[in-house]
Amino acid sequence: MNANTSGDGFWLIKTVDKKINVKGAPYLDMTLCDRQGEMNAKLWDYSELVHGSYEAGELVKIRGSISAYNGQNQLKVDRIRKVVSSDGVDISDFVPTAEYSGEMMLGSIMNVINGVADPELKQLTYALVKDREKEILHWPAAFRLHHAMRGGLLYHTLSIIKLAEGVCRIYPAVDKDLLMCGIIVHDLCKIDEFDLSPAGLVTGYSIQGELIGHLVMGAMKINEKAEALGISKKTAMLLEHMVIAHHGEPEFGAAVRPMFLEAEILSQLDKLDATIFEITSAVSEVGEGEFTGRQWALDNRKLYNHARKPVVVKAELDK
Amino acid sequence: MNANTSGDGFWLIKTVDKKINVKGAPYLDMTLCDRQGEMNAKLWDYSELVHGSYEAGELVKIRGSISAYNGQNQLKVDRIRKVVSSDGVDISDFVPTAEYSGEMMLGSIMNVINGVADPELKQLTYALVKDREKEILHWPAAFRLHHAMRGGLLYHTLSIIKLAEGVCRIYPAVDKDLLMCGIIVHDLCKIDEFDLSPAGLVTGYSIQGELIGHLVMGAMKINEKAEALGISKKTAMLLEHMVIAHHGEPEFGAAVRPMFLEAEILSQLDKLDATIFEITSAVSEVGEGEFTGRQWALDNRKLYNHARKPVVVKAELDK
Amino acid sequence: MNANTSGDGFWLIKTVDKKINVKGAPYLDMTLCDRQGEMNAKLWDYSELVHGSYEAGELVKIRGSISAYNGQNQLKVDRIRKVVSSDGVDISDFVPTAEYSGEMMLGSIMNVINGVADPELKQLTYALVKDREKEILHWPAAFRLHHAMRGGLLYHTLSIIKLAEGVCRIYPAVDKDLLMCGIIVHDLCKIDEFDLSPAGLVTGYSIQGELIGHLVMGAMKINEKAEALGISKKTAMLLEHMVIAHHGEPEFGAAVRPMFLEAEILSQLDKLDATIFEITSAVSEVGEGEFTGRQWALDNRKLYNHARKPVVVKAELDK
Amino acid sequence: MNANTSGDGFWLIKTVDKKINVKGAPYLDMTLCDRQGEMNAKLWDYSELVHGSYEAGELVKIRGSISAYNGQNQLKVDRIRKVVSSDGVDISDFVPTAEYSGEMMLGSIMNVINGVADPELKQLTYALVKDREKEILHWPAAFRLHHAMRGGLLYHTLSIIKLAEGVCRIYPAVDKDLLMCGIIVHDLCKIDEFDLSPAGLVTGYSIQGELIGHLVMGAMKINEKAEALGISKKTAMLLEHMVIAHHGEPEFGAAVRPMFLEAEILSQLDKLDATIFEITSAVSEVGEGEFTGRQWALDNRKLYNHARKPVVVKAELDK
Amino acid sequence: MNANTSGDGFWLIKTVDKKINVKGAPYLDMTLCDRQGEMNAKLWDYSELVHGSYEAGELVKIRGSISAYNGQNQLKVDRIRKVVSSDGVDISDFVPTAEYSGEMMLGSIMNVINGVADPELKQLTYALVKDREKEILHWPAAFRLHHAMRGGLLYHTLSIIKLAEGVCRIYPAVDKDLLMCGIIVHDLCKIDEFDLSPAGLVTGYSIQGELIGHLVMGAMKINEKAEALGISKKTAMLLEHMVIAHHGEPEFGAAVRPMFLEAEILSQLDKLDATIFEITSAVSEVGEGEFTGRQWALDNRKLYNHARKPVVVKAELDK
Amino acid sequence: MNANTSGDGFWLIKTVDKKINVKGAPYLDMTLCDRQGEMNAKLWDYSELVHGSYEAGELVKIRGSISAYNGQNQLKVDRIRKVVSSDGVDISDFVPTAEYSGEMMLGSIMNVINGVADPELKQLTYALVKDREKEILHWPAAFRLHHAMRGGLLYHTLSIIKLAEGVCRIYPAVDKDLLMCGIIVHDLCKIDEFDLSPAGLVTGYSIQGELIGHLVMGAMKINEKAEALGISKKTAMLLEHMVIAHHGEPEFGAAVRPMFLEAEILSQLDKLDATIFEITSAVSEVGEGEFTGRQWALDNRKLYNHARKPVVVKAELDK
């Protein structure tokens, strides 16, 4: 919906607060979202009796009108009700979702694991993924920023694998088994780092996510699993290093810097995929020949849409 | 030659100085090199009459013995003479040289230019390469550090092209024409940035290399050539941006930060290829399970040789 | 106009947006300016039929009243109309403008060029200025910050020349020809870096301004012109270096650091003039014995008005 | 022994290399040490037959003379032989050693553990220390820098405990159980981080020490032990956080920054004890009213010996 | 008072502004505070005749109701009047105040001075405190941040003394006289650095506070007093150094870095006490198991309330 | 003297050490200097009886020969004796010395003080200079780096005054009295910061120079003198601020950043004069078209000798 339009629509409630204005009248202040993005909404003269009560994560149908307010569109709600089954709408239509099914992406990754020759790496990586096979199907890769979508964790992981296949073809020194297993496990503990809404979007960091972080959690998980499976110390140590070093620099959260080739390549490809995602996302929101605003996640750069090709935020993962 | 051995050998003189010791006796202090590396050499009691006179860049035959001195091997010269044609040795055997011929690598790059659909980019890139077709065949990519070898400029360029082909397959938003042309021209002005010895190794930066640098020189060259060929301002500007931004960050020499997708990818792949080269070079000098010393060019990191694969300093460019 | 006053006045519209308030009523949200500064204005219950339609850059007459709102004065518009010729007001009275005429300042600079002994520097500098003689008469030196005024580019350039004359008197090692020519050309490509409103104020950066920047654009222009005029490579290179180095440090946009005396002096005098302008501007807005707020452009410093002299934001350029 | 003296003495060989001088004659180049420090030694005209062969870590008796060479004392060896039991010298007399016995210090720490009220923290901490009770008795706390001495790990740990007791008396918000247990386990994995010589001094980092580091190793050990003992996730997580955060800032190796009071206090007291040790060590080497050279480990500061009290490098741990 | 409550209450006016809303109606916009914190208040349709006029620093009685507005509570004022003596309220009940009386804390500090053996240090420190004995009784230690409370300066000073007593017991190298005197004088010139409201809270920095700062002011005061009392240059210099170095690093305002042991310990303990105060303050505002927002004064960290103990913002100074 | 020459010459001994070589023979290791620079010298087989004994700061006559050793010239001493009066050499011929006499420069500065209209500033500045009138005549401005010469302090101060006169002519907002007095006193306490050799060169920092620094010492001196003369607090405070802020940034030693116009101008002109001195010094040591090595004092830059003018390290102070 654009500014100065009115009508009906379905929305997912991302946040909702009951407030009282300066005249003492209660109103609802909500953030609504769909696949395209978010909008602020106000329901003036809110009455629980009349309008019902709402929580974050619920799907609603709203009638209202949109106006510009401080440079942002704002939806004035006239009517609101919860979605019912006869509306035929599905929550996954209201959250950004990876373009490929979780099953397809996990299948591709399992194929990669199958192709690993080193028996220790293969067994360890398989076990680590297997433990999370339910959550991994839909987990996002981030809170905000790159791949903050249902299935984003697999999407991001598989994109890096595709990049790494190209790298392995070119540089014979790269140990492909080690690189692939490192890629597959590097972000697995994002599953413990975030709390998720029922709709599958990150609502914030877990306590362990804040206090320990997915890098060190990942190392602890590998250590535990390797011990349980009788994997050699050295194999576990190499994977652990790749996980705790994959942010590259201490200031970006790496516990140590990458100290062997595959750890460095993982770190650089991780950054490359994330950057491509963030640049295309940012540029897709401005017109031909325009610049985006400063992007916090991209060192505060503005990005230019040169419009030589359509800007699609996508990786081809099925080829 | 190893420590505590003696015998004959051919060497290239990299530097040579006539000095006088504390007793007043003259001696020659030289740096000799071959494909494997460098060594200090001393010719005590030097007499021009007896031994002849020598300059950097000459090939010589030496008889002498090697001993450890302050943790470095040092060659004590007993006899020395210049190489003669009957010795059958060739200068290119004494400098590090790319594994593929300049002609083969330039041919591959010309094929890539041929495949560019955009006529302006194709014409401009072709003309820029054509202007340097003689020097580019053997030019190194660096003074010290990555690809400081005969033919290193083409080697490095072609390696990035190979990486970029993988990236283009995965991300449909990438404009392949623009990316490939940016890669091909990004380091061309290294030809003006370095002074070269007759043997084809960089001896230092040129005055223009210091005062202007290959990034801005590259932009000026594109601007000039585009004007001459009647190429549109926009096309020239995009290539110029890619060249002056390819070091990524101002602190690494970028005049501006990359502001569109292809400029960013060029910058990251440039770094990826250089890093892989430097890590494999460094690791190839230590044994299994050992760490290198701190590498200045790699943020002062030590690198670990896990020895899961032979460490080869190489990119496969002929596949 | 001060808070809590009402009356008539002429204003220049800097920005104007049509918005709709939470009750659905349309209103105009404008930024108005005159030589003293800017003010937000609201025209409630806006009707195009009744009030007419307006664009940025137009001069208008407004009746209204001013009140404090969130610590800022705000103008409530009662009546508005476009200026007509019989109003006798001129757009240059509504934008900050240099204290000296463009013609006078350009004349002084041409005199300096006339005094250059080195024929190459003289010819090259003259040609570069001549090419821009129309725009240079009124071009500002910045978007925001120092010398963001009509004629600011000449004002800033001439101020540095005056400073440099003092420096040349003191230090015999300084090559005055080179320093003066470097000063004259150092910011010339700000003419390509900004987009201008009809009123002569910067409205933002041009695309080339963002992607290339006025430093590298300047070097390309010198390179082009030197080639056309048959100027020696060395002369062009020295000027190019001064231009791409004049921001002093990479983090402030310099492509290289200054590497000879005149380049360093240009860089420091450029900063000195800009800083004096910014400090006097900031301090002129607070009373005796008071501090300004933190100034972003001055490393976040607060400045103190010691009030020992009247604070005038001015350079004496006609002596 | 001072410069320009000669005579007999016992030394520990820290490093030993067989080298050949420029005249082709073999010699031994050694670093010798005793409790006071180190000295370079040369045995000219070395012959294995005549002098015997030596390894790092051996105790030797040497006759020779000391001279200044490049501002450092150097020992010219005339005679050398291995120590025999009748010499009555003990290796622990030749390495810097903590002032209290390992048994006494470990006893004090065990008392602290006994005083912990929280049963989970008590059990977990006890088990972690128990696992290392053999090594901990003599382990140093560092390679170079603070507490690089036999028993230094216990010495440093107990010093922090003493500091923490004072802090707990003053601030009622501090959870003493948590703080004490965090202190006791924070550096335990230094036992895995260093390789030790037979004499009990660190010879370098272990592979795991380089690739993982004692912070993340510590977290993995706690995680493993807590699982084995059935300790709650939360208790383990708090201790793990304290360990991976105790270096305070990412640039000093912390995987995360301290996020609760006890983690912050541990981090600051760890730094306080280390700094006091380093300052007193540095100052003890210069005379009254003098400054030390720049201390790399103390942000490159010079330190001043004001000589108001005797400079003793010591903590009182038995009170 | 919580959101959505109404009733009567006493408040201290921290700031008050007369404003006019977009309809032209005047209103009062106030910040009110009591010991628990601050709240914004609006008095709509303000009339000086009806409501009276008010200034910052006055105590008032207000009837009104509280609602949430933009996530902050806001008080809508229905009635307001100044406090009269019969209300029986005291200004010190409305500003955060140290838990111990100024007299008790100053007494403890005088005892410490009495215990100093060095006659010069004792005389100098006594004289410096004596000069400020009136202001020191109630002065706060900061504008915002740690110990921004009546009596905060003594509270903070005495807390550091308690910490230092622990340190002196452990490390025999510490000169206790010097350390104690340094602690006592280190922040004394905060008395000149801040301007105070009648209620004893900092309203901002004094001109001298901004231009010179309490570190250099402290050094000048010591220098002056030492001269007057005939104290030796060396003693004065040591104290002066401790004062100008106590912020530890130039980026935190230290004029030099600490260069002897007692200066370093002062700097670290100063930071330790401040950090403990700030962490406990921040954590006391969130519930069990929650994180605070990012704390600007704590390197932008979030802090975790692990809730193992009650969070009290307090130091025990009477034991 | 150049390499491979021999003969007689006079030298000043900068440092001298008696050492013993590996064969046990004593030798003298000296640093000698004259106005052109320094050289290492060795007197082999030194015998006090034969050669006499020597101390730093003595003038000697030496016969010997110069050879290159490790890229540096080294003087082998054959004969040495102390200078006698009949040699007719003067110590001031052997240390770098300002081009103008101390009396002439001090006279110029006294003229500037005479021209100050503000009676407080005039009286205070005069008194501060008068106190040091003996030392100021010959004091250097630095240990190493810019103006490390006899009379360098006056030379540097007068150069800045000349620069400032130009600035005052251009910008009417500058308070000339304040700026001139700030310049004259800004470095006065360098007289307390350095220890001097009899020859008038800095031998190192004084204890007070290290612990307090010339910036804070300067502020203390102004404070003391202003009190003694009954100068107003405000006048003293402005000068004190200029002194403690004149290094511009905390990382370069400023206790606060400059907060008014004259303080900022002082700081920038101080840097400008120092930079011009350092660039011309560095460039004067390389040939036409060459680059210097990296200059530590100039942000590690290399400097280029474009040779358009003779490189003279000089300021014209007598015009």
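First chain written, first letter: the chains are A, B, C, D, E and F, and each begins at residue 1.
In the analysis below, contacts are C-beta pairs under 8 Å (C-beta built on N, C-alpha and C of every residue); 3 or more make two chains touch, one makes a residue touch a chain.
All of these numbers come straight from a predicted model, not from anything done at the bench.
Student: When every step has to jump to a touching chain, what is the lowest number of steps that links chain B to chain E?
Tutor: Each step joins two touching chains, and the minimum needed here is 2.
Student: Out of A-D, B-D or C-F, find the interface that copies B-C, where copy means more than half of the contact pairs are identical.
Tutor: A-D
Student: Please work out the Cα centroid separation of chain B and chain F, and write it as a whole number of Å.
Tutor: 44
Student: Averaging over Cα atoms per chain, report the distance between chain A and chain F in Å.
Tutor: Going by mean C-alpha positions, chain A sits 61 Å from chain F.
Student: Considering chain D alone, which of its residues make contact with at least two other chains?
Tutor: Answer for chain D, listing residues that touch two or more other chains: 207, 210-211, 238, 259, 291, 302, 304.
Student: Please list each pair of chains that are touching.
Tutor: Once each pair is checked, the touching ones are A-B, A-C, A-D, A-E, B-C, B-D, B-F, C-E, C-F, D-E, D-F, E-F.
Student: Residue numbers of chain A touching chain E in their complex, please.
Tutor: My answer: residues 17, 19-22, 24, 207, 210-211.
Student: Please output the residues of chain A touching chain D within their complex, sorted ascending.
Tutor: 207-208, 210-213, 215-216, 219-220, 223-224, 227, 233, 237-238, 240-241, 244, 250-251, 253, 255-256, 259
Student: Of all residues in chain E, which touch chain D in the complex?
Tutor: 159, 162-163, 165-167, 169-175, 177-178, 234, 238, 249, 257-261, 264-265, 268, 271-272, 275-276, 279-280, 283, 291, 299, 301-306, 308-317, 319
Student: Would you tell me which residues of chain F are touching chain B in their complex?
Tutor: 3-4, 42, 44, 65, 67-69, 71, 74, 76, 289, 291, 302, 304
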